[in-house]
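Naming follows writing order (A, B and C), and every chain is counted from residue 1.
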Amino acid sequence: MSLVSIHQLHKHFGDNHVLKGIDLNVDEGQVIALIGRSGSGKSTLLRTINGLECIDAGEITVDGAKIQAGAKDMRPLRLKVGMVFQQFNLFPHLSVGENVMLAPKIVKKTDPAQAQELAEQMLAKVGLSEKFDAFPGELSGGQQQRVAIARALAMQPKVMLCDEITSALDPELVSEVLSVVKQLANEGMTLVMVTHEMRFAREVGDKLVFMHQGRVHEEGPPEALFNAPSTPELAAFIGAIDQA
Amino acid sequence: MAYEFEFAPVLEYTDLLLKGAFFTIALTAVGAVFGIGLGIIGAVCRAWRLQPFAALFAVYVELIRNTPFLVQLFFIFFGLPSLGIHIGEWEAAVLAMVINLGAYSTEIIRAGIASVPKGQLEAAASLAMNRYESFRYVVLRPALQTVWPALTSQVIIVMLGSAVCSQIATEELTFAANFIQSRNFRAFETYFITTAIYFAIAIMIRQLMLAIGKRYISGRLS
Amino acid sequence: MLTQFTTWDIVRNLLEGGKWTLLLSLLAFFLGGVTGLIIVLLRISPNRFLRVIAKVWIELFQGTPLLMQLFIVFFGLSLLGWDVSAWTAAAIGLTLFTSAYLAEIWRGCIEAIPSGQWEASASLAFSPLQQMRYVILPQALRIAIPPTVGFSVQVVKGTAVTSIIGFTELTKSGTMIANATFEPFMVFGLVATAYFCLCYPLSVYARHLERKYHVAC
């Protein structure tokens, strides 16, 4: 059975029907790249998987934790799912180490010594061990995003969601973040990412999901989709990117 | 004949002035701690729309902010006893200051909570924190940090306002000044020096709040 | 002789006091506004000496109790040989108090105008006074209105303190009636209600203006 399974998911924002019956399965260790124009619903879909958006119909199951319409308690889902945001969203009043340790300590009640060790491990993984006592404001965007990845990893999630995590970065800082993501993928982490980095999606992704007008329009192995899009919408989308 | 200023008759009472200053500071300290505490509770109730508390706090804030402190003080000190609630002048002064500062801090801190970016709440939620955890660990400090200058000004305004507590015979700085000028008949000099002491206390509070903000709110030791 | 006060007697006496509260508020707000305008112009003037004077003015009045300011005006003017009434002392004291706060509010508004506006108008060869008159003030004025209206509430409330130097306005009337009727709960309740009726509309209007202009300074 898939690690993440989404079944007939619907979501409205007022009169705007943004997700129109999404079905999607993600296997353990798989790397999924969600692509599509802005407004296609890809970010909203990603956010529902972490309970940041409630759903109007359908269900989401992640490693046995299930969410349906009207669900109030998102905690079981969020304990399985980590998320990295476009704007990093580090906690500015806490040091880098405290950012990473906070949730393990207060949500999982990990004892402080263990949390410290965990944070050191995670920061080492993203190559920022020496920034343990720095504050977010003192770091570059790329470094902040790597801390955000370490913070999410410290909760030992089953799946990580990445919401356009390089879009807010200066061009020269993109690759340091992508190489951390690539390393995670190589270590077998299950990843679902919304991205505009097509080359990266092609290189690291196991499956490409093209969203269009609130539906999964086309999905499959990246090479196949890029080389031979079977719908005119995907062909147009790829064409627009190539020109850019 | 020109008036000759004489400050010596005031300085004879230095110990009384210092005692009065001490009580003004003590009143302000108690008022600030409980007033800001009340403000945090009120701000949370309003920000989270916890009914009926949100509505009660909204009414409370408007009532206090649109009536003079002196009238609030008189109402508490003279009015409440006719309801069978007897309180002394110190209790009345402290209560009035807490209630007054509580209303202003509710509004100030609410603005601080509203200024915390939505992404911070989302990040906290994505880490499986519940509403209380995310408020306690993610929202509160940045919110207080944002509005700390405004809270500082409000504490100073309340401290300066406490001068009218002398009217219910609370023995703070102005009460001491009134007493002294009734003895030495040097009203101008007495109030001049008293005013200078208030000014010094205001500067002291500003520095102290700045230090507290640096040390405990922004979390940086540098 | 102990007379029996009816509720109407109490209300009538309070309204008489309230009239003076209203008059004093209007006078202090108007005179304080004029003085405040002078102070704020000094505060942003190119002359360092004038700036310091304005800064000290603002800090002194914002850093000391209104009650002390009233005492000093009251006793200070009589030392100068002027026979000041409570009304005169109250009007002068509250005017000075108001001028300092308004000057500080307005300074914030003027400084909130982006420096690009100064640069753009300078590049068009405006003189500093012309920059102020045609570019900066019209914009600053717009954002200054909501907090200025908001501060008027503080002026009305500030008038209550003048009761302590013996000016018979609303609060003083309340104290006298409370002493005569032995009904402090009702009397101070009514006094508070009267202040609320004066202040609440101003607060609501200030909030409405703030939302309308979407800015606060």
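As a convention for this text, contacts are C-beta pairs under 8 Å (C-beta built on N, C-alpha and C of every residue); 3 or more make two chains touch, one makes a residue touch a chain.
No experiment lies behind these values; they were computed from the predicted model shown.
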Hypothetical removal of chain B, resulting connected chain groups: A | C
item	value
Central chain of the complex, centres being mean CA coordinates	B
Remotest chain, chain A as reference, centres from CA atoms	C
Separation of mean Cα positions, chain B and chain A [Å, integer]	46
Centre-of-Cα separation between chain C and chain A, whole angstrom	55
CA centroid of chain B to CA centroid of chain C, Å	20
Set of chain B residues in contact with two or more other chains	none
Complex interface listing, chain B residues touching chain A	117, 119-120, 122-123, 125-130, 133, 137-138, 141-142, 145, 218-220
For the chain B and chain C complex, residues of the former touching the latter	3, 62-63, 65-72, 74-75, 78-83, 156, 160-164, 167, 174, 187-188, 191-192, 194-195, 198-199, 202-203
Footprint of chain B on chain C - complex, ascending	60, 63-69, 71-72, 75-76, 79-80, 153, 157-161, 163-164, 171, 174-175, 178, 183-185, 188-189, 191-192, 195-196, 199-200, 203
Touching residues (chain side chain A, partner chain B) in the complex	50-52, 74-75, 78-79, 81-83, 85, 87, 89-95, 102-103, 106-107, 135, 148, 151-152, 155
